[in-house]
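Below you'll find a set of structures to go through.
Paired with subunit B in one complex and with subunit C in the other, subunit A is shared by the two complexes that follow.
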Partner chain A sequence: MLLKYAGGMRLWLSQSPFTASDRRLIMAWVAALAVAALLPYCVGPYALSTIRDAMVMGVLALRYDLLWGRTGTLTLGHTTFFGLGAYGFAVVTVQFGLAPGIGVIVGLTCAAVSALAVGYFLLFAGVRLHFFAIISMAVLIVVQQLAMSWQSVTGGDTGLLGIPGLVFEVGDHRVDLSGSYGSWYAVAIVLLIAICVTWVVCRSRYGKVLAAIATNEWRAKACGYNTSLHLLLVFVVSAVLAALAGCLMAACSGVVAPDVFSPLLATEVILWVAIGGRGTIGGPVIAAVVLTLLKQTVSSYSTQWWPLILGFLFLGCVLFMPNGLSVPGTLRTMRRTFQQGVGKAQLLRSRRAEGGR
Partner chain B sequence: MIVILNIVSDVCVLTLIALGLAIVFGMMDIVNLAHAEWVTFGAYALAALQAVAGRPAFWVALVVAPAIGALLGWCLERSVIRHLYNRPLDTLLATYAVSLIAQKILELVFGTQPMLVYAPFDGAIPVPGGSYPAYRLLVITVALIVTAGCWLVFARTRFGMQLRAVIQHPEMAEVLGIDTRRLSRIAFCGGAALASLAGVLIAPMVSVESHLGVSYLAKAFFVIVLGGIGSIAGAILGSAVIGIAETLLSYRVDPSLASAIVLMLCIVVIRLRPQGLKPGFSAAHQLLGKG
Partner chain C sequence: MDAPFLKATGLRCAFGGVVAVAGVDVTIGPRDLLCVIGPNGAGKSTLVGLLSGAIAPVSGDLYVAGERVTGRPMHEFCRRGVVRKFQGTNTFLTMSVRDNLIVAGLGVAAHRDSPMPEPDAVIAEVGLSHRADELAMHLPHGERQWLEIGMALMCQPRLLLLDEPAAGLSADDAQRLVRVIHRLSERCAVLAIEHDLGFVESLRCRTWVMHRGQVVRQGTYAEIAGDEEIRRIYLGRGALHAAH
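Up next, the complex of A and B:
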């Protein structure tokens, strides 16, 4: 498997890495690193922890972008794995009193195994598009019910409290990432590494394979790619990434409640990616951070209104901004959307009948 | 006997909810995630009417709620879905947003506490092996009548034939002079009305809250995917399988564990038989490798 892509990797490496168009990218990276390193010294502890929690959501947005933006697999229930990661970490550390390191491993394994099971049965059965989305939503609802009713392990409605921070014992050294600076750097490093890896993967030949599957799975299949296997791989990887975000969330905030499985959070994730632009890497992450901060601002006035605002934002985004936030694109889509209803009746499904997705 | 009646009433409710979905989903290839909200609308309409006119308003609600549901469905079709016929995945997302908005608006208008709803009559009817609530028998009867009516319309009328033509091959139907958009709109409103009717019927048996519909939604979609898309028989068969499995399991284990087990069973069945138990005849789904 690895050998198959070695050629592609060599080709990728042999190209000149820094062209003129890459300069902006490098600038962006430098800026991101500088912000990550210096921000703790510029803002107060409360703002720092708020931004940190928003950045955990950035990891979540990134992996959803990997799944939806790159392979076109829409799911409505990907927070299942986020929650499984958080609960795996919390149950192991609180109920069994084991080290946080083991908690992370258990959380990730939990999510990976369940993603593998669900993904195998669905993806290899040819379940795609909205079927996949709906079934994943059903999985989310059932997992939420389980989390609420399985009192003895998950703590029921209240969830689990007093989750320890990330403290690792490596040999004689004790790495403490539970303080406010420590957890900030842990989250920032995980986010930046995740962005970097996703970027490399998407730029390589593998990214092209995923794009091929997203544009036309049948043709990709005809070209000899085992599309189900590739989709399953991406599904599991993104589930693990989500679980990692879940572990970070649990460790940073110290609380896990069945809220993590609520459809509301799942909606927010989709909204981040939709607004930030599907298939771009920075967009969803920035959108996630900004919208989470916005949510906290709105919620500090009234908790009632956020879901309503979220719903309308989402609706507007789907109707007018299918390619993310950009003014000319939005105006174009708006015009097209409204013209469609007025103009001549089109054949309903001619475009889909060609096999495009 | 009681067990059988329990199963039957469960299956009937599930069929009623899934039926509207089956028509909309199979026909227009539209995944209406706001379908559950129409169930909730039905239940709230009943609650509001009973708050005004007392218990007998149930019979009024049985007629008024579907009308309200159809009207709201028409509004949704005109304002949102009409623009998205060519973008199926976006319809899913848009209706999802609509369901969020609808839930919140219901909460803002009626408050978050459960609404008061009464069955039109109490009492139990003796059956072999005990007695059974009369209201549940009413539910079974109404559900059977409505399902039979749907099947008659679908299979025996000119309108039903046109509907089937649109499901099977929309372009060809259009060429033959069928107004597919009008038909889609009618079917959508019909599906919404059926959901509201189901909402009225289940309201006295559950607690009426703004997220009442959501738990039924996932099940209803499973019914459709399991039973086969675009066929009424598939919807009935699917609800039978899921209803029976869930009711029997919930005698043995915790209800939420029961639904988890049913869900897993469904996923396994879908792996083994992707086209559904009783495949429909939708052209679009065949292209998607489904059906």
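Up next, the complex of A and C:
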């Protein structure tokens, strides 16, 4: 039985041979790892915590890239699970006074169970594309309302304050990840591991199957895939990842308020993935971190400018860089623009941004 | 005689008020080669849809290898070996030829004890070796047809349903396809739906004629071609077109 299972895993996760670009990518992430390890010694505590919070958003972007970029499932309510993770962690630690470890488990389970329920009824009923997006938005609004109204548990509009940091007790050892250094390393490690696992899965045969389901679900069904089941699996995994980001956010910032369920944040996540490049894994994470930092900087001057900048950025991205802000992709697009003439190329590109690649 | 691989009784399917398939019985043995012809709208494609599980019949029953599968989802049909090649082309356009085949093979291989066929061997069999790393969307129509056939082969078929396999193929390619189908029919059952009567003639196999949702004649191609009534409902019209 176990042997058969292992054989199945090998069948699904078998990798194609490494190419030069893969090697470059690994080098880039090793460099990122080194930077992450050294950064706490280079910048001040305020900058460190700002970058840390931005990296939590990076986990959220990664999760959305997995769902939208890989399987083409567009949702507008993915922050539901982010918020559920955050609230699960906060309620367990603040209201019940339990250990942060249990908080993380409860937060993740909460998100997984609700994703399983929502995903099962939607995906197995054949709900796809914009219908799925709209219903997921409705779920988000329901959960937001719940968070605001159920005051005895969620703290209502003010949310929950004084959430403890990540402190685990394993036997006699005490792992303290609550300080500024500790929480930095916790976030950095979670982000890098999540990226690594996602990358390995996406370049395996299973990643190809997901891409196939995204391009032509009907054909994939005719190849013997229970496509709804695969989509549900990815939906639940990405919900758990979002919940993990939520737990980290709650533990790092110490507060959680109903605005984690706001549609604005949900929209921002889509922009990160669109700007970073759908299905590129690294791109959306970088876009999330950079844009969150940019938002912080701009907001410190004026709070009104940020949505305007973001809107223009998105517009520019759809028109000129439908595959996101990647250097080779942009160069290719520019070359094509000069070859085809500007007017026609715009139309082509906006068509690609709508769904074609 | 072997037990039939696929058996269907009284299959009926209607779209709104239009009856596409009106009570068809099908029995296909493990090594049968069968061709279905008929004018447009006779219900041929619907029949393939019913047999492959893509459409659930309004009434009637379907058995695959002795097991009742009526109303099951399409992917279960495929896992049991009822594999369909689509009419026209229906591939994963944004993926390379090799990836198309790998994806096609994995779904079934995960539920079988036999290993997945070697993608490169299948690519060679359908003559796409020089295109293996190209995206499916860059292939011309004829080669996409071959890719479809390759994808069907990757699914380890026990019954292959070919929906207009020769459409868009050159005369040479069509002859190559005839040879491939004959080779295949030594391994599995094949049911082909075809418009091109020359192609059906060269397959030299049992032929059914469908008309208005029913199988009206069964026999060899020569018998069918010699039948006056069939001439009238199908071939005659073709001859009429040719005369104009």
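To be clear about the criterion, the second predicted complex is superposed on the first by the 294 of 357 C-alpha atoms of A that agree within 3 Å, B and C clash if a C-alpha of one lies under 4 Å from a C-alpha of the other, contacts with A are read in each partner's own complex, and residues count from 1 in each chain.
The definition used in the following text is that a contact is a pair of C-beta atoms (placed from the backbone, for glycine too) under 8 Å apart; a residue touches a chain by one contact, two chains touch by 3 or more.
These figures come from a predicted structure and were not determined experimentally.
A.B. asks: Contact-wise, after the overlay, does A:R23 reach subunit B, subunit C, both or neither (first, second, both, neither)?
C.D. replies: In the superposition, A:R23 contacts neither subunit B nor subunit C.
A.B. asks: Of the two partners subunit B and subunit C, which one touches more residues belonging to subunit A?
C.D. replies: Looking at subunit B versus subunit C, the one contacting more residues of subunit A is B.
A.B. asks: In the overlaid three-chain picture, which partner chain does A:K208 touch, first (subunit B) or second (subunit C), both, or neither?
C.D. replies: second
A.B. asks: Considering only the touch criterion stated at the top, classify A:Y225 as touching first (subunit B), second (subunit C), both, or neither.
C.D. replies: So A:Y225 only meets subunit C here.
A.B. asks: Answer with first, second, both or neither: which of subunit B and subunit C does A:N216 touch in the superposed model?
C.D. replies: second
A.B. asks: For A:G8, using the defined touch cut-off, is the partner it touches subunit B, subunit C, both, or neither? Pick first, second, both or neither.
C.D. replies: second
A.B. asks: Can you list the residues of subunit A that touch subunit B in one structure and subunit C in the other?
C.D. replies: No residue sits in both footprints.
A.B. asks: What residues on subunit B touch subunit A, complex-wise?
C.D. replies: That would be residues 29, 31, 33, 80, 82-90, 92-94, 96-98, 100-101, 103-105, 107-108, 170-171, 174, 180-181, 214-215, 218-219, 221-222, 225, 254-257, 259-260, 263, 267-268, 270-272, 274, 283-284, 287-290 of subunit B.
A.B. asks: Enumerate the contact residues on subunit A facing subunit B in the complex.
C.D. replies: Checking each residue of subunit A against subunit B gives 74, 76, 118, 120-122, 124-131, 133-135, 137-139, 141-143, 145-146, 148-149, 263-264, 267, 270, 274, 304, 307-308, 310-312, 314-315, 318-319, 322, 337-338, 340-341, 345-353, 355.
A.B. asks: Provide the residue numbers of subunit C that touch subunit A in the complex, in ascending order.
C.D. replies: Listed in rising order, the residues of subunit C that touch subunit A are 52, 54, 73-75, 78-79, 83-84, 86, 90-95, 99-100, 102-104, 106-111, 116, 151, 155.
A.B. asks: Going by the contact rule set out above, which residues of subunit A touch subunit C in the complex?
C.D. replies: Residue list for subunit A touching subunit C: 8, 11-12, 205, 208-209, 211-212, 215-216, 218-227, 357.
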